[in-house]
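Structures for review follow.
Heads up, the next two complexes both have chain A, just with different partners, chain B and then chain C.
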Partner chain A sequence: MATLTAPTARRPRTAAARPLRPSRERWSRSGTLLLLLCSVTVLLPLYVTVSMAFKTTGQAVDGNAFSLPAPFDVQGFVQAWQLTEFPVGLAVSVLVTAGTVAATILLAAVASFAIMRNWERRLFRWSFFYLLGAMFIPFPVVALPQIQLTGRLGLDNPVGVIVLATMFQLSFSVLLFTAFLRSIPLELEESARIDGATTWQTFWRLIFPLLAPMSATVGIFAFLYAWNDFMMPSLIISDPDLQTLPVRQQLFQTQFSNNYNVSFASYLMAMAPAIVAYLFTQRWVMEGVTQGAVKG
Partner chain B sequence: MSEEPRRALRGISGALGLALVSSLLAGCGSGDGAEPVRFTFSKREAIPYMTQVVADYNASQDDVRVELDTSGVDVVSASFVRGNPPDLMLANYNMEVARFVDRCTLSDLGDTAAAARIRPDLQPLMDQYGTCDGRTSALPYSVMAASVIYDKAVFAEHDLEVPQTWSELLEVADTLEAAGVTPFYGTFKDDWTVAQGWFDYAVGGQVDTLDFFHRLDAEGADVGPRSDVSFEKDFSRPLEQMTQLAQYTNDDAASRGYGDGNLAFAQGQAAMYLQGPWAFSEIAKTAPDLDLGTFPLPMTEDPADLKVRVNVDLAAIVPEGSRHQEAARDFLEYLYRPEIIEAYNESQLGYTPTTDAPPPSDPRLAGMTEYYDEGRVYQGASVLVPKTIPVMAYTQGIAFGADVDATMRTLDTDWARLARRQ
Partner chain C sequence: MSLLTTTAVPAPAAARPAPRGTRRTEPIYYLFLLPSLVLFTLAIPVPAIVGIFFSFTNSVGIGDWDFVGLTNYAVAFTDPAILRSYLFTFGFSLVTVVLVNVVAFLLAVGLTSRIRLKVGLRAVFVIPMVVSGIIIAYVFNFLFSNSLPAAGQAVGIPFLETSLLANPDLAWLAIVVVTAWQAVPGTLLIYIAGLLAIPGDVYEAAEIDGATRSQRLARITLPLMAGYVVINVILGFKNFLNAYDIIVGLTNGGPGTATRSIAMTIITGFNGGDYAYQMANATIFFVVTVLIAFLQLSVTRGRNSL
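Let's look at the complex of A and B:
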């Protein structure tokens, strides 16, 4: 968290301490250079992705990744759209991601609250370690039994992926939430109790809103995981019509042929929602984190 | 603020409800009476063709409705685990698919009309990957033949004939080099191109791979310096020749990959290229009118030893776990109708494995047709070694200058160790 806020938090402070020093420019030059380098590592691949997507197949394989598309061609998008059945894939991906994010935030928050407020009881303490233990189990290790299990329970569809993804995301999210819950003073809850609130009311009215910044962080992690995950949906979902976007895009990666324009057009379309969502939630996270910092 | 959690809750329940409904809808989507057949096919270049075939078949009758599934081999493996495998597959025939054969999870296709039309001399090649007693587990659908691709214009310009023997090959390479033309384009950065082209052609050109792997299997865990047959004994000579040929490549071969090779060859940067027919469509992306031909890599002084490398690019499979056996077989027979299987192979530059089929008319394949027709073919040694042994990396090491004998000894040890474990 501290690393997240560092750039924004430091600047006003330095400005306040040394308001009108000319040395500010020198500092910003090296800083700008560093930031420039950082942004190049992001922008350059992005540029290649965008320009590749608009090239013809012939130009895409000519070995000049940085050249501008000439002629400008949208055939890649058309093909990618048709080959992946983009609207369907997008809908499934959105569904899986939204379900995973919502379920992760909800379950992890409830579980963390219960665990933190009953820490002295052995059952709760051990259940915390149990949940954390899942962090040491990567999906490929348990893939085989999971496939069989979901198949038998009729969960070999996006719902099963939501359940499993939530489960795998739970351990890390509980870790984040419990750490954050420690910083919320118990007196706050006691005051709610004195006003006659039940445990459930205390959680919903008081604790959950206070957890908002951490919920945003947890939500972003869950979002990135669920949106980009390839292996789990590919193995769990049995109906190809209900497959998520990353799995549909696997079609473009073959040993024997390169269709950079089609694949990059497809990747671009798949990336767009993630980038948009990230832009918005990132702002929220920044606000939320500073908010939480002041309170803590 | 008190509104917020409630709104969140509503959103969550909405999302979950949507999930439930969509899965229910998917469950009862097939209510029109026709028997559904899930047909797995994931060869990207041919998906438009197969989509059309499926549409035609569905339109031609009302009893069976075929659904094309293009989601790939991982998904298929998972469906076997789950117990709902596809009803029919056209899959690349390799060690991975062979595991299903070995464990007898595929139904017998021996009684189909299609099976009766398959060229019998292809059966040993199919059996090389694995067998299930008394069953015809898979039927070849498309056979790819691979050999040396050469630029006819460059050969004509330097007055060169297609070499028939090893010394003629060296002569051709020397002539080209003297004229300032790179004889071979090497793409050693991608280890599979070394294994598929250089290693397989070199070995297949003088070792009887079918016989070699039979004897190697018989030796099992005893493969080593004292066994009658071993990689070290049988492969060292062809691989020494391979390293000799690798001298005739472009200087930057070590840092060039498959994509670079296709581009460079299309631009006329070399005269010969050790790749399969799949490279033709890639080369054509840059140079559609390049006049290319193919010839088997000569490794001995006897033209009778010339052979081309083949692999079963697609094989038809009906898993035992399929609940629509009859319907799947009906569609299978449809797929094997001469006009459909032949048109498929014609478009994909493959050879049709049925006895009565004409060879593909593409002139670029003409150099291999007589060998395929006479059955002078072999399967690549690199694909017959189980994937647990990193044979591709070993061959790449040799192309980079590693000692042939030492590498082959490593391969022998690996083979023996694997045999001991199994």
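Let's look at the complex of A and C:
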């Protein structure tokens, strides 16, 4: 687990046996070119978002999505900021995301630790499979009763979304944490206990810090889910003033639908944090996907 | 992301021996486990049971209700709106899963071969995974309704001259494209991991025996990657069956109800007074999901080569 190959790791074999074949060099150049060309399909929608956001309203409606902004204009951002009440939306999104990330890491880590250290007890062993069973219950299946129950319990707000989002992340996170805990030698814990540490201390001082790489992976997936999700907040949060950023973008489908510079500025402000976070945490995002599938 | 929440149950590690003889479970372990167990039970299994219960009633979400037995199910199985949403969702999922896997596999082969800018390219291809589905759907919505028709007119391709999204027969294509755009990275990363796990000497031996590049791809890479293909196809298919955000952003189920997914149909029960009826639909959908999950389990257990 700890030695899991990072997807970015080079394949050692490419270095050997190759210099003999100059033809391969040519192929690799065309391969690079081809992949660069393919990457345009990824970058084009993002480029359009950025360039539209900086256009004037006049230029944005002229029909050419691919032109550069001329002149460069930030009015779109100013209006988007006011129309979507961006500061409120941002605060809600940050609250929901931070809450989901913290709750997911915390609950999944302690639960996984309890399960793995008491595997021989039926309650703990069965809890593992019980929690994992939720992987087979997608949100749409339980959405209607959840909307009702959260409404009745006064949880039809961002707090309710934090609770539900955390619970939907739990299966996957417990799966990753338990797999990782298996790789930590028990001797380490026993020596801490001989030194007089309680279970509580052993976990927080020794195990939880060791779990850090897995916590990073679990946290990033909770972050991406909570930050980007539309379906759950749009259905659970009943007060439009408390909506998250992705849900607020609906505004531009009903009203202001021709102020493209405003809507794209708004889209950009809602997307950017996730992209920036990804750029800083690429390694964990990539490893997480692989582990999620391979451990599965 | 939700790609990950659908993986199968792992074979648990061999039970660890209880350290040092028989011991009682320390109370602290219950404190660690119970919050998750209680919250989880309240958040997912309880609503699921409540929903299944109400699927046998005529509840509209509030007020009085009566038991109506299997009426909701009987009606649901012949309801053209529900049947159409299943047909659309399964068709769309099948096409998307094929497209995503073909594209991701080819990209993975490219990204693990001898190319320049490997790290940078890989980083770029993963970006769609971290972008909000609804927002990128809004961006594509603009491109499909404005830029693509403009390009179609300029080049003179008749069927592109009007917006794809306004055409009941073609709108699903736009949904396939955007869903695939977002789903390729997760699939791609799994394929890259698989390709990196194939030992290099296998290829060298084949090369010495005179195998061409395409022979090596067909006779070595593909068979060795079969397990990963199965995983990706099942995970992808299960995800696409839940399609919601991207469709809302592109067509909102339209034109008419041509692109309304199962999830969107279920949600109409929230506002449409069809609460109990759509819960029956959700229960049917749940059974379908479980059947696919069992298929996944049996297939992945069968090949623990992964």
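Following the convention adopted for this analysis, the second predicted complex is superposed on the first by the 216 of 296 C-alpha atoms of A that agree within 3 Å, B and C clash if a C-alpha of one lies under 4 Å from a C-alpha of the other, contacts with A are read in each partner's own complex, and residues count from 1 in each chain.
Note that in this section a contact is a pair of C-beta atoms (placed from the backbone, for glycine too) under 8 Å apart; a residue touches a chain by one contact, two chains touch by 3 or more.
Small disclaimer: the values here were computed from a predicted structure and weren't measured.
Within the superposed three-chain model, A:R205 lies in touch with chain B and out of touch with chain C [touch as defined at top].
Residue contacts after overlaying the shared chain place A:V50 against neither chain B nor chain C.
In the superposition on chain A, A:N157 makes contact with chain B only, not with chain C. In the superposed pair of complexes, A:A70 makes contact with neither chain B nor chain C. Once the two complexes are overlaid on the shared chain, A:V78 sits clear of chain B and of chain C alike.
Judged by the touch definition given at the top, the superposed model places A:L132 against chain C, while chain B stays out of reach. For chain A, the partner with contacts to more residues, out of chain B and chain C, is C. Of the two partner chains placed by superposition, chain B and chain C are both touched by A:L144. Across the superposed pair, chain B and chain C both touch chain A at residues 63, 143-144, 147-148, 231, 235, 247, 252.
Of all the residues in chain C, the ones that touch chain A in their complex are 1-10, 12-13, 15-19, 25-26, 28-30, 32-33, 35-37, 39-40, 43-48, 50-51, 54, 61, 107, 110-117, 119, 121-136, 138-140, 142-143, 146-147, 150, 181, 185-186, 189-190, 192-193, 196-197, 199-201, 203-204, 207, 231-232, 235, 238, 241-242, 244-245, 248-249, 252, 262-263, 266-267, 269-270, 275, 278-279, 282-283, 285-286, 289-290, 293, 300, 306. Chain B makes touch with chain A in their complex at residues 1-2, 4-6, 8-9, 11-12, 15-16, 18-20, 22-23, 26, 42, 44-45, 47, 67, 69-72, 74-75, 78-79, 81-84, 192, 258-260, 262-263, 276, 278-279, 281-282, 285-286. Listed in rising order, the residues of chain A touching chain B in the complex are 57-58, 61-63, 83, 95, 98-99, 102-103, 105-106, 143-144, 147-148, 150-151, 156-159, 162, 204-205, 208-209, 212, 231, 234-243, 247-248, 250-252, 254-259.
Chain A makes touch with chain C in their complex at residues 5, 7-9, 11-14, 16-18, 24, 27-29, 31-32, 34-36, 38-39, 41-43, 45-46, 48-49, 52, 63-66, 107-108, 110-111, 113-121, 123-125, 127-132, 134-149, 163-164, 166-172, 174-175, 179, 182, 186, 190, 198-200, 203, 221, 224-225, 227-231, 235, 246-247, 249, 252-253, 260, 263-264, 267, 270-271, 274-275, 277-279, 282, 285-286, 288-290, 292-296.
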